[in-house]
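In what follows, structures are represented as structure tokens.
Note that chain A is present in both complexes that follow, paired respectively with chain B and with chain C.
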Partner chain A sequence: MAAHLSYGRVNLNILREAARKELREFLDKCAGSKAIVWDEYLTGPFGLIAQYSLLKEHEVEKMFTLKSGRLPSADVKNIIFFVRPRLELMDIIADNIISEGKAHSSRDYHILFVPRRSMLCERWLKEQGVLASFTNIDEYILDLIPYDGDLLSMEYESAFRECYLENDQTSLYHTAKGLMTLQALYGTIPQIFGKGDCARHVANMMLRMKREFAGTQNQILPVFDTLLLLDRNVDLLTPLATQLTYEGLIDEIYGITNGYVKLPPEKFAQKKQGEASKDLPTEPKKLQLNSAEELYAEIRDKNFNAVGAALSKKAKIISAAFEERHNAKTVGEIKQFVSQLPHMQAARSSLANHTSIAELIKDITTSEAFFDNLTVEQEFMTGVDTDKVNTYIEDCIAQKDPLIKILRLVCMQSVCNNGFKQKVLDFYKREILQTYGYEHMLTLNNLEKAGFLKTQTGSRNNYPTIRKTLKLWMEDANEQNPNDISYVYSGYAPLSIRLTQVLARPGWRSIEEVLKMLPGPHFEERQPLPSGLHKKRQQGENRTTLVFFLGGVTYAEIAALRFLSQMEDSGMEYVIATTKLINGTTWIKSLMDRPESQMP
Partner chain B sequence: MMKSKADEEDYWNSSKFKAFTFDDEDDEFSRLKESKQAVNSIRQLVDDDDDEDDVEKVSWSGEPVGSISWSVKETAASNQRTDREPAFPKITTERPPLNKSQSGLSLSSLFKGGNLTARSLGDTSVRLFAPELRKPKSEYKDFVSDWTPVETVQRLQQGKAVSLEKFRSLQDKLLLLDFAVAAHDGNVITAVTLFTLFTLYGLEVLFRELESRQTALRHFIHYMTETRDQRLLLELLRSGLTWTFNSSSYENKRRDFVKSCLSLPFSPEDSAHVQDHYTLLERQIIIEAADQRAERDGKMEIFQRFPRKAPILNMPLITTLYYCCLYHYNESEGTYSSPLNIRQTFKISEKQYFATVLAARAKLKAWADVDALFTSRNWLGMMKKRSPLSFQRVVDILQKNSAPTQVLQEYVGLVDDAELRISLAQKHKCHDIVINTFRDMKDRQLLMEYRKKVERGSAEEKKIDQLLNNVQIRWKN
Partner chain C sequence: FHIRSSYREQRLEGRLSRLQSAVDEYNKAKNDFAAKATEEEMRLLRFQRKMDDEKGAGLLGLSLQATMEALMSLGLHKQAEQLYKDFRVPDKRYWWLKLKSMAEKEEWEELEKF
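This part shows the complex of A and B:
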């Protein structure tokens, strides 16, 4: 499963192994048979690191989901809770322990906090009177999880909200820690660039942590040449737009979590011959999506309009390969054919799956609603009538379309207009509150705090300048054979990726003016290397940049970076890291407040 | 095992043995060796890649058999079958329980002013796989107790024993707080803020100081939100802090709570919304009580014809308006439930009002009301249909409420743009409009084409035939 991690420019399997090793060590600390009680949220991220078999080797016999009440019975020596440091989870744990009572006095209880232990949680447990029942309280620092061959994610969903809304920079501390771990394994990164307040914080913490280790020199030849830290709030626009790559659309429509997607089962009904399997499966079909699957790696980053052609081409190749059997005459030839059969069958089932997914997506992308929405988005991005109340949005509100859709559009318009006139903002706010309920005042407030919604201050709208200087809109984006990153949004080139592209060539000095218009400082730092570790670069050898998106990144942006890596003359390869993979919907959702859930 | 490890560390770390550490500057060589070892051990791990990963079985739900979430389900399921109290033989081979003071930085003892002995355990899991992750030097003087604020914060971050009691004066505490904020570690900020909170006399001082420390304030509010400490939160709000965060107070939707919020220092726009929210809740309570009674008594026929699906309490404003358009449409403007009154009170935009009324009356198939909605007299006293919504949207709304073709037809005919009109008419099968439009366009070809689409022998077919045979029309093709 993990082989695909080592194919990339940087072997990310090393990181995965380090994480596994630590997990084994913790498990061995609790001697004897074990049962793990999982905070369900964590099973996803852990799945990227370890399989059940690893746990089994270390005497994990049972696994349960964390629930109130009595623990399911299990004949084990140790009960280990794998949890995030959250108070509501502590309540459940306390409940478990209390209901267990004295039944298993010989049993040991342990807590493993992921990604960090929290004093608040421990105090909470103490107040419930159960803290003393735990033999071990430990933390498992799951900072950067290898997600794919060129992609690391912290799977830290609330990072953006915490940084930009709650002013809680704990996630940045984790980021800096994660980057230190990464440097310990892959060598000191000699050059650090950054843009944004959070980027500055992270860089500062990294440099400070490095100073704290003064005296110990990292002797590993650096794998990364450059680190680029980008604040998400430098580019609020990109995630709000609907992604138009294959993978991006899968995420927009069905949501990819921890590398898995759940799809409506109808299109995946297996038609086995001779079997009367008339009843359709009702459970959603779950598929893992990563570059281990050859076909997926090939089409994931294409514009959706180019996916159909790619699939049919692949279909021809596969059927041709199956036809080969007629040409196999000698025993040797037949043997060779048979040896390829498993591979071919895997390719065929992969093709069947993706054809089904593409069909599902096509139903949506060809709908009128999708088209209308996209048209308005593109109007905003090109700066058409962004200063007035938009009738499409107004109509959508009157029709009670999902609130998140409305918020995405209103925020997008605001960002593309560098804020609204007071009158326009008030109008949108009133319409939203009247239609969806006054409790959403909290959400609107959050969006204002995070900079999505604002009133235009004296200065004029600078978005057009940014758009023109960075060439954010390309009139003739080529979806089939792209020659520019703008293909990922069929015309719009993601701002964040333009910044990355310009940094590589010709350098940020050429866009000083625009950088000043974007929020937060931009900076460059150097980390000196011991003399023996300076890379002697071969002619034509590519440089490697790690781009870290603080606050999330979309699949379309990743696709754009992969596109840049593959460009022949770019001379740069990118590895991507982020706090969380996001799309407009999950992002806005993370900023919403649901007061009902907090009623006293 | 753990204990011995901890002991080992104590041994190396305690000041008695300070003469020898790994960090002697001249020990370059041993360090290099160590780093090499670490790297090699990693290589080894990578190379003997577990075979479990290569072949993957996938269950129907698509999760690889053996993945964690799959196994959670499996073992949980299998467990139900063996759901019996296991006879647990008491064997006393277990280790003596560890000293519990290790297992947590006790904050509550901190609040009571007790001595804070904290986790020495936190660091036993130091990552050993790479040299840079080894402990920094500063950690080696663990058992000296006179920490500066910076060191205290660092130790808190590392989960080490530390005593906050020595920060006695307000100034010291605030200094500590500032360093905690600078460390960007939420855990530490919360701990220090709470320490300050519980060791200060009176909340005012803390609130005053927090006002200039927004980060700490946020952490504090977050803590209160999580622990649901509404009382303290309201206290904080009352103290009149002028910070932009005004929402936590808003979490209770109950009227009284909202009412109590009215006096809080919101921004002017927000306070108008809070006022509206309160007014709405108040009205909903009145309307709900009256309608419940009316429904029970069976006096109002409308409730029998269209039984209410749910109480109107806590619904958004537009939903409330819709409800009132269904059940209280013709009430005079003086009542709380009159749609016109609601429109006035909450300043609902013309379009929103119009769309809502239209949908509600169409739902009841009150076509006369729908008709009246659009009709206005111009200065000549002529009746004319006007609408703040585009007629396309009107048709859309009517169609969604399953209006009959005759009604739809009337409004499709009012769409100005000919092309749009035709496409709408075709979509909703308003044949007359299509035919008339083609006639007006003098497009014989299209008309002949359309003839194939209508039913044989229908009135529409006859009409088309008549037109086609009409010699007075000068067809353009």
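This part shows the complex of A and C:
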């Protein structure tokens, strides 16, 4: 099931297995039949750790979604609540328990907090008078969830908002804890680099946690050579831009959650040939996307303009393979052909799926609106007229385009200009408030506080310097056969990834000046290894870096890092970890505040 | 803070007074833009109430742009024009709106006169 996790340089399946083991142990603690009541938010991430079959093996008979009122009836010995430590969820649980009353006095209740138990929640339950009803209160530490062979995410949605807006460092604590778990399984990471305030904070916590364990030496040969911690606010620009890789576009247009995408069903209807065509599926088509699918692994990180060619090439290979059967003469040959059939059929259906998806995306990317939007984005990134009010944005507001689109563009312009003149900023804000409503005042405040929107302060715009030094804009980006990471945005090389690239070679010392222009400190720490664990590196062996994005990472950035891993002369392989997989839209959304109006 | 609570206020008077406190806070914080925007919102709410009372237009709570749009579709062009002047709406956006509204109502003759 999870074979794709172990293909990579680092076998992430070890992490998944450890998580599964812990889950099994907890389930076995509650003897007898069980029903699980799920905090709905957790089901997605949990699906990546354990399928229903695993739960079933441990006598889980029923599963419900957490909601107030009476629990659905179930003839089980144990009821287990799987929840995040949030007060509003505690209220629902209390409500469940109270309305259940004495009906099932022989029943045991349990709570499993994910990822940490919280004193506050337990106090809350106590005040509601239900704490005593629970036999077990436990925590299930699930910080970093393996998403793919080289990708870990905490799926902690509000991390960016908490860190940069609310000054709440809970997510950083989870991050540090998660990294400690990782080190326990994969060995101490000897070198830590970082850039940004949050990165500094996480590194400090990690070093402190390590001192607390000073007595026990980790005897595992380190798998990772380097850890790079990057604050998202060091590079606010990249996620605002529209991603142009295949996977990035799927995410921009349809949204990928927990490795699944939901697509409009129309395109997938004709596949069922035998059935009557009148019952078109109305449910959205749900597809799992990860590198276990051979074809997807091949095309996910390509620039979308190169996907068509790759698909048609694949189609030719597959049909050629099917033609083989005419050449099969001996029984042995036929047998061999038949044995390959399931694999070939899977390949064919995966090809059909992706051709349909690519068609859907193409309809959008070839539209005028998409093109105009992209042109403006690229103008901003190259620094064209970023200091005055942009007429395209003005027109979009006048036509009441979706607010998020406007916010993405305005923020992008602000970031590329290192802030606006007061007059320009006020103009945009007024336009937005007058068109979309005064209630967005709070959102605008948030964006200002997080540094997306600002007024220019005395100093001149330093974005052009950063752009030139880090070569963020490449005129001749090759989309078909890329030779530089800028292919993921058709010209723009993500700043975050340039920083990573420069760190590997020639090192950050060469760009001191630029690093000083970006927010937050940059630093380097070393964690001493016990002697005997120093890796003896063989000639030509690649080093491995874990890059941790605090506050989110986009699929295009991941694609760029994978590209760097594959470059022959880079000598470095990357594993990516983050608090949340994001795109510009979900990111801005997490910063929006929308008071519910109750006016009659 | 005050803005959030203003949206929780069911009645208009309550909402206006919350917004007034927001204005005071913004003034104290020397946030001129926000103070002014909040004052404008209060003015808009009052205007909307007047229109609702007089014409039953159902405008309360809409954004300025949506208010003008609604007024136009009700044929209350004079009132829409008044808002455009009072709130110093940029010409471009106003003309867009006017064109759209006329096209929707298929007042092609009016459109010709432009």
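The rule is short, and it goes like this: the second predicted complex is superposed on the first by the 590 of 600 C-alpha atoms of A that agree within 3 Å, B and C clash if a C-alpha of one lies under 4 Å from a C-alpha of the other, contacts with A are read in each partner's own complex, and residues count from 1 in each chain.
Definition applied: contacts are C-beta pairs under 8 Å (C-beta built on N, C-alpha and C of every residue); 3 or more make two chains touch, one makes a residue touch a chain.
Keep in mind the model is a prediction, meaning the values are calculated, not measured.
Because the two structures share chain A, they can be overlaid on it, and in that overlay chain B clashes with chain C. Of the two partner chains, chain B is the only one that A:Tyr52 touches; chain C does not reach it.
Counting the residues of chain A touched by each of chain B and chain C gives the higher count for B. Once chain A of one complex is fitted onto chain A of the other, the partner contacts of A:Glu394 extend to both chain B and chain C.
In the overlay built on the shared chain, the residue A:Phe371 is in contact with neither chain B nor chain C.
Of the two partner chains placed by the overlay, only chain B lies in contact with A:Glu212; chain C stays clear of it. Looking at the shared chain after the overlay, A:Gly437 reaches both chain B and chain C.
Looking at the shared chain after the overlay, A:Lys429 reaches both chain B and chain C.
Comparing the two interfaces of chain A, the one with chain B and the one with chain C have residues 394-395, 397-398, 400, 426, 429-431, 433-439, 441-442, 445, 593, 595-596, 598-600 in common.
Put simply, chain C touches chain A in their complex at residues 3-4, 6-10, 12, 15, 33-34, 37-38, 40-41, 44, 60-66, 87, 89-90, 92-93, 96-97. By the touch criterion stated above, chain A contacts chain B in their complex at residues 1-3, 6, 11, 13-14, 17-18, 20-22, 25-26, 28-29, 31, 38, 40, 43-44, 46-47, 50-55, 61-65, 72-75, 87, 103-104, 106-108, 116-120, 122-123, 125-127, 131-132, 134-139, 141, 162, 166-170, 172-173, 180-181, 183-185, 201, 205, 212-220, 260, 281, 283-288, 394-395, 397-398, 400, 426-427, 429-431, 433-439, 441-442, 445-446, 449, 593, 595-596, 598-600. Of all the residues in chain A, the ones that touch chain C in their complex are 394-395, 397-400, 426, 429-431, 433-439, 441-442, 445, 593, 595-600. By the touch criterion given at the top, residues 1-2, 23, 25, 31-32, 35-36, 39, 42, 45-46, 49-50, 52-54, 56, 60-64, 66-72, 75-76, 79-80, 82-86, 88, 90-91, 94, 97-98, 100, 103-108, 119, 121-122, 125, 127, 129-134, 136-138, 159, 183-187, 190-191, 214-215, 218-219, 222-223, 225-228, 230, 244-247, 250-254, 269-270, 273-274, 276-277, 280, 314-318, 346-349, 351-352, 355-356, 393 of chain B touch chain A in their complex.
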